[in-house]
Amino acid sequence: MEQVIMNQLSYPILSTVIFLPVLGAVLILLSRRSWEPSAKWIALGTSIATFFLSLPLFLNFDKSTHKMQFAERFSWIPEWNINYFLGVDGISVLFILLSTLTAILCVLISWESIKMKVKEFYISILLTTAFMIGVFCSLDFFLFYLFWEAMLIPMFLIIGVWGGPNRIYAAIKFFLYTLVGSVLMLVGIIVLYLYAGRTFDILELMTKNYPYTMQMWLFWAFFAAFAVKVPMWPVHTWLPDAHTEAPTAGSVILAAVLIKMGAYGFLRFSLPLFPEAAKAMTPVMLVLSVIGIIYGAVICLGQTDLKRLIAYSSVSHMGFVTLGIFALNSQGLEGGILQMLNHGIVTGALFLSVGIVYDRTHTRQIADYGGLASVMPVYAAFFMVFTLSAIGLPATNGFVGEFLILLGAFAANKLIGVLACTGIIIGAAYMLWLYQRVFFLEINNKIAGLPDMNVRETITLLPMLILVIWIGVYPNAFLSFMHASVQHLLDRVNSGGMQEASIAKTLMEVVR
Amino acid sequence: MVPLSWYMVLGAVVFAIGVFGFLSRKNIIIVFMSIELMLNAVNINLISMSHYIQDLRGQILAFFVIAVAAAEAAIGLAIVIALFRNKATAHVDEVKEMQG
Amino acid sequence: MNFQLPDLAPMMPELVMTALALVVLLADLLIRKKEVIALISMAGVAFVALTLFYAPGGATFGTMYISDGYSTFFKVIFFINVILSVLISIKYIAVERVNYGEYYSLILFSTIGMMIMASAGDLIVLYLGLELMALSTYVLAGFIRHDIKSNEAALKYFLLGAFSSAFLLYGISLVYGLTGTTDIKAIASFISEKGLADNLSLLLSVAFLVVAFGFKIAAAPFHMWAPDVYEGAPTSITAFMSVGPKAAGFAVLGRVFMVAFASAKVDWAVILIPVAILTMAVGNIVALSQTNIKRMLAYSSIAHAGYALLGIITANNDGLASMMNYLMIYAFMNIGAFAVIIMLRSEGFKGDNISDYEGLAKTHPLAAMLMLIFMFSLTGIPPTAGFIGKLYIFMSAINAGYTWLVVIAVIFSAISAYFYLRIVMYMYMKEPKTDVSLTTSFSNGVALAVTTVAVLVIGVLPASLLELAKAAISGF
Amino acid sequence: MKYYLLIPFLPLAAFMINILLGKEVLRDKAHWPSILAVVGSWLVTITSVLPQVMAGKIINEDLYTWIVSGTFNVSVGFLIDPLTAVMLVVVTTCASLIHIYAVGYMHGDTGYYRFFAYMSLFTFCMLMLVMGNNFLQLYFGWEGVGLCSYFLIGYYFDKKSAADAGKKAFIVNRFGDFGFGIGVFMIFLTFGTLHYTPVFGNVAGIAGQTVNFLGWNVDLPTLIALLLFCGAVGKSAQVPLHVWLPDAMEGPTPVSALIHAATMVTAGVFLVARCSPIFNLSEVAMNTVAIIGAITMFFAATIAITQNDIKRIIAYSTCSHLGYMFLACGVGAYGAGIFHLYTHAFFKALLFLAAGSVIHAVHTNDIREMGGLKKYLPITYAVFVIAGLSAGGFPGLSGFFSKDEIIWSAYASHSSVGKFVWVLAVAGAFFTPLYTFRLIFLTFHGKHRGAHHGEQGGHHGEHHIHESPKVMTIPLMLLAVGAVAAGWVGIPPILGGGAHFTEFLAPSVGHPEFHGTHAEELGVMALSTGIALFGLGLAAFLYLRKTDLPEKIAKTFSAVYNVLYNKYFIDELYNFTIVRPTVWIAKNVLVAVTDAKIIEGIVNGVPGAIGRFSGKLRRVQTGLAQHYGIMMAAGAVFIIALVLLLR
Amino acid sequence: MIQQAFFAYFAFVITILSLLIVTRKNPVHSVMWMLLLFFHIAGMYLFLNAEFMAAIQVIVYAGGILVLFLFAVLLVNIREELQIGKYIGAAPTSFTFAVGLFVVIVMSLRSFVAAPPGIYSIELIKQETHTKALGKLLYTEFLYPFEVASLILLVAIIGAIVLAKRRLKS
């Protein structure tokens, strides 16, 4: 049975959205250094074009099938049976759109705040975007890993070059943390490749059954890469540093798309490839997720830095995502995917918002703010909507995701569900406290007289606001993409009983 | 008839002495001589083996070893001269500008 | 008494190369402009490369000289090495005031030595090729006669090289005593016929050969010369010998161990595994605390030898192919990095401290970007060639059942990211302290262009290189 | 035509208009969209929906599918049955009047448009809450009103106390919603749907089932009911989650009237009534509801006696009355509970608005600075007394009928805790008039004690005290009518009425069975009325005649007084057991130790250790060639030794 | 028996001389002992029917040793040399590993089995003379390594000249 539907559009849409930003980056590289705004405009034009070219993914997506769509496939490295193989299904398609949208916003938000090495900055942004999109639509492990790792390079530079005072530490930490995880995954990928008879084709690999012990090993190898990226507790500490020190656009990319890749990896690889191991490890994953949720939330109460707080809240929110994924039922999974999207939108928007005031005040200390609602009322309103979404208020996207996740988690394990719910309470506490300290109370002298958002900034935040409400009020527009794929995934996970095998035999198979 | 192993033990002894000299002496000239000792140990091995297994290859190799030893000596001494011009010393332990 | 001159056709490349070296030596007496000599050398090597593909394969001089895919592949690496090294040398040796014609002829002689090693079918020839290569390299390391560091590098290299040669000879003598021959194939058949694989003396000789070859490829614990020599030698020669002698060492390691000691595979693999682990560990860990970039690259080169050793440890053709592939890629990325380092060397400015790279991205963005590419390639981050190299090595090692070893390797590879990143960090994330002016030249630019393109193209489209490596190993 | 859709969506439209245009375009006319919308909703309710429901028609329609995932499927849909209809009437009526009142009260405020935007949003959410036909939409409205409450409590956000109070309200409510949410999950797991009709239709099937919950085997209906009740406890400010309501008085007074008296806080009661089929299955749950209600009622009433903030007193009174409602629900008399909800909305909103009128006049909340306002604020005084009498259960007024029905239900129900809660209810009947009239007497009688009249200000201050404008007093008077007459729709048969109210509600919440004679009913009524009158008399005695006596009593029983005055130290208890430890743990354990020391210790420690090791290892590289040689020889020896050993 | 005695003599003297070479403080003395050593080794080669090897051992090394002697005199300040220690600090370690190396070599050599004898029996060599036999081989079968050796010597010359040229060109 053919698992893919080849691209039915008039142009190779996935390749286009991957390589258009690369092309933009090359153009910037070639542009004259003397007129620096050219970089901005090229970046903006490219990202907008990419976004519009990616829209057919949303409009023409066939929701009735779990098969990979818009697929493209060419032989690439025949020696290793590697193909250039792209395609999307209901799990991945929305993230491509999120990435292309995020790219535009990142360009816009950096419009005035990036003043040095402008060309390099926009090149990095565009390349990161390209690689991120590549990660989401690769159907060949080699290609996937290529994008997965390549993305580290521009991201490392974004944090390290244009970041805050402690940027170097943060950048290196980010890079090394994620690299250590990824290389272990690489070993796992190679083991899979060899076991499956030398193929990197993800869809083909998914049709095979692997011995239980081997699944276990590989599950943990992949876990190393994905858990760091997510980030799950206790490998989360790179995130606060990276988020805090990165420039606004960097934080936004990190929050909106990059850390989604970990959760995406669990969905795309860990579950369907190692279903038995995933099922066996579910308790561990659920516990880690819950620890992440509560730990991330409680620690937010002790933060004094605006971006750091939001970063830790990401730990908590991504805990919900992994919780949903490992609930292994359709509510949890769909909630998890939706929550990935939501978190991308909301945390991205929060970082954009922080960036807006940071550009004005150059301080991230919460104590330096206060009474901002009187000074920048429109901004306060936007921030409030995102705050509400972050704490999962109904009619915002956050609610739909969290509700489905908790429902799924509760169905999977009541205790876990109940514990996760406590995260919601603490979530409200820290977000509202943050909001109070920043926006309410007496106007802090340091921020008196700041101008409210300008048109560019409003345009930057507006799409996020619309998405927050849209998903909150009519989530089916997005959930409907996932049904078929999630059902297929669940069938895969639940099919095939545990294959018992002697430890020695399976160990041999692991090393072979 | 002297067994081959005696020669080989002798070779090992000389080789070990050469190694010791190489590893312990300060004077570059003596370090060079220790290397020659090691090569001679090899030659003892080769020629005795060659004799016992009635094959001339070993001697030919020994011949080349001697030739190469001569070439090595030339290069080595040239290096020592070049060094001596910059830093008047013949002691290995004074040549440690670079470390770590 | 009937003696016929053996068929010289297969060894055409060596012969032409020797002629070239002699021509260059003589030309030095006639031509004043040393750039011309460099040009002659490069053109000559290019011509030799052509003969390489037209010369018939096969053995000659009995089986002392073997021309097969394996040797051809390594020779291609040597030619790339020599051409790129010459390209980056031209301006550099002028800056160092050692602009002599002998420089080029010695490089060529050294390359002849490497070629002889790669084609050696006999331990005697192997030894002589190794000495030819080594002696030339000792001289080249000490080529800046007025520089104490260069002298010191030459002295250390020489002393330890001679020491390791003695081990090699001792090992050869044992093999000879055991088998009565020095012909690699004959040794192999003798060992398997007589069941000598378990003989302790044979293993002793294997161990001694590991010492000698380990020295050439700078594998721990025989690596200790490398940092000092790499730091002290002229930078162009550092580039040259971080690739050439290392590749030659791997060539003979592969041939001797895979052919001569084929039946003792199990034993030498056991010896090489700790060596490989130690090599990766020492290389990557000590590199972390280096402040001199040449020294750092020396440790990095040690570490890379460790990865390449995994290819040998697998003890199969796939592993050998991966090792060869790795060395080819390593040649490009490493020389590329040295080409950037060389640019920083100018009159009165050494430019080999890592701190000299501060803010390079601001003052010289292009150079910084190239260095960034090489650094990420050395780390093994896609889409650069370094990743392809590592991936192939890891794939073959896992296929041979060494998953745990690969896990260790990837962990060290992640550690290595730190010191490579440090360069990037200095270039991009710090403000320039001193005004560094680059010594650019056309030839160096060509070298950089070639290496960059190679690193990126192999990184994205490695198919043809992989095909080549596989083809090279097919008849082994 | 689905005219009923106008009811919630008119206020939503008003909210949108206000939030987008209010600041720049509408400015001081920002009340128009809101008032028009809410009055429109009221009109639709009265003219279209109420007649339909009275005619026995129940509307249950889905608007669109909200969330679908696997077997989970929930719509945005509307259910209008008698219970909803009552709530619609209460909400739209009170909201209309309070909106109008606010025009006067909020006049000239900088955030005028913001206020009306939030009020409209609140109305929308509240209407969605009561009109939803499934638990998730209920939850939506539930959280929505909480949010608006948060906004409106913290309306004066530059005041720390206001911002704190808003946050506190939200977070405390989250504790309740925690249980509520889990309850919703349990309902889904049990019934496979969240829509009322199938859930309540199948509810009989779960009677007596047990479920393993966190290791315990629990009776399923009990579990679900109690979890839902958690939400009600939070929203309706019942013990132990009542702490937010008094603080919520930081908001503008119209907010207190609308949200924290008439509508939002009664959502808990609505929830219990709505879920009566589930509660009915579990005696434990019912008893819990009754006891919590009774305790809150008694507990809040006792606190109210000692407070000095005019709005806080009324807030505790609200707590107390909500307790009555729960008490009624707990003994099965949902109709009585809702009836009290309905009457309470009028007299409590009136109390608040009247208090607002007072505050509007004297610019203080502290009754110790008031006194003698009767002459300045005649209308306010009049409606205040009416509201107080109604609240205190003075015969003939709204409050009397509803309260009496509750007390009688408690006495006569089959509930095993009925008698116990009845005793408390009767005791409560004593306290309500006591604190209400303490408030009235201290505020309106005696001499003015405020800072306004005195040495410095001269007569300036007192001259400034004047009655509120018409836009405020007219709603007061209209509400006063409600406070007097709203209860007449539910006069019990024993007094000649038809108990129409409970009959009307019966399709939604059923009809309780009582045991008891008419004599008993009359006796109970007489007892509670007598006690209420005694409370009123005592208040008059203490605060009109022997005005120095309260102080003496407070001194004599200072321990008791302090406990009451400090609200049983519940806030402090929470502060010290939950808030502070959590923040302390966050700052001193998680930030300072776990993250910074342990995880970062490992994360930075391992590379650090490698770095140090690197520094040590590079010292092996001494620079002396022979040392390198030694390493080589050592390597050779070890390799050979390894081979020898492995042989 | 005679053979054993001869071997014993040579072995003993060679060992002693080797030890003397590496332990003498005065490098000039070491050079002298080395000269003596080479003669003994050459003697032993004769004993092994390798006249030609014995000859070049003496010829080549005598030259080499003379050069060494020259350097020892040129470069080393004997008076100073005699005052400072002759060993580097790590000499005990060096000794340990040298002994260790010896031990492991000897332990491994216990299993040594010589290869079967080839065609060049003592009689054949005697009949053809050693030098001729060797020369034939060298110029036929081993022509290739022989030519390589010539390159090595060429490189040695070039290298020596490059490194030791008197004037450092600008």
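As written, the chains take the letters A, B, C, D and E, and residue 1 is the first residue of each chain.
Everything below uses one rule, namely that a residue touches a chain if its C-beta (ideal position, glycine included) is under 8 Å from a C-beta of that chain, and two chains touch if they have at least 3 such contacts.
Given the structure is predicted, the values throughout are model-derived calculations rather than measurements.
J.: If you take the chains that touch chain B and keep only those that also touch chain E, what is left?
T.: C, D
J.: Kindly list the shared contact partners of chain D and chain E, in label order.
T.: Expected: B, C.
J.: Select, from all pairs of chains, the pair with the highest number of C-beta pairs in contact.
T.: Counting C-beta pairs in contact per chain pair, the top pair is B-E.
J.: Comparing centres built from CA atoms, which chain ends up most distant from chain B?
T.: Looking at centroid distances, D is the chain farthest away.
J.: Relative to the centroid of every protein C-alpha atom displayed, which chain's own C-alpha centroid is closest?
T.: Checking distances from each chain centre to the full centroid gives A.
J.: Tell me which chain's centre, taken as the mean of its C-alpha atoms, is farthest from chain A.
T.: Here the answer is chain E, farthest from chain A.
J.: Rounded to the nearest whole Å, what is the centre-to-centre distance of chain B and chain D, using the mean of the C-alpha atoms as each centre?
T.: Computed from C-alpha means, the inter-chain centre distance equals 96 Å.
J.: Can you work out the whole-Å distance between the CA centroids of chain A and chain D?
T.: 38
J.: Taking the mean of the C-alpha atoms as each chain's centre, how many Å separate chain C from chain E?
T.: Distance between chain centres, rounded to whole Å: 31 Å.
J.: Indicate the whole-number Å distance between the mean C-alpha point of chain A and the mean C-alpha point of chain C.
T.: Between these chains, centre-to-centre, one finds 42 Å.
J.: Going through chain D residue by residue, note those that touch at least 2 other chains and give them in order.
T.: If we look for residues of chain D contacting two or more partner chains, we find 607, 618, 621, 623-627, 629-630, 633-634, 636, 640, 643-644.
J.: Two or more other chains in contact with one residue: find those residues in chain A.
T.: 176
J.: Give the residues of chain B touching no fewer than two other chains, as numbers and ranges.
T.: Only 4, 8, 15, 18-19, 22-25, 28, 31, 49-50, 53, 55, 60, 64, 68, 71-72, 75, 78-80, 82, 92-93, 95-100 qualify.
J.: What are all the chain pairs that meet the touch criterion?
T.: So the chains that touch one another pair up as A-C, A-D, B-C, B-D, B-E, C-D, C-E, D-E.
J.: Which of the residues in chain B come into contact with chain E in the complex?
T.: Those residues of chain B that touch chain E are 1-2, 4-10, 12-21, 23-30, 32-34, 36-37, 40, 43-44, 47-56, 59-60, 62-64, 66-75, 77-82, 84, 90-93.
J.: Write out the stretch or stretches of chain E touching chain D in their complex.
T.: 88, 90, 93-94, 97-98, 100-101, 104-105, 107-108
J.: Residues of chain E touching chain B in their complex?
T.: Chain E residues touching chain B: 3-4, 7, 11, 14-15, 18-19, 21-22, 24, 27, 30-31, 34, 37-38, 41, 44-45, 48-50, 52-53, 56-57, 60-61, 63-64, 67-68, 71-72, 75-76, 81, 84-91, 93-95, 97-99, 101-102, 105-106, 109, 112, 114-122, 125, 133-134, 137-138, 142, 145, 149, 152-153, 155-157, 159-164.
J.: Going by the contact rule set out above, which residues of chain C touch chain B in the complex?
T.: That would be residues 123-124, 127-128, 131, 135, 138-139, 142, 145-149, 151-156, 158-159, 162-163, 165-166, 169-170, 172-174, 176-177, 180-182, 227-228, 231-232, 289-290, 295 of chain C.
J.: Tell me, which parts of chain D touch chain C in their complex?
T.: 607, 610-611, 613-615, 617-618, 620-621, 623, 625, 627-629, 631-632, 634-636, 639-640, 642-644, 646-647
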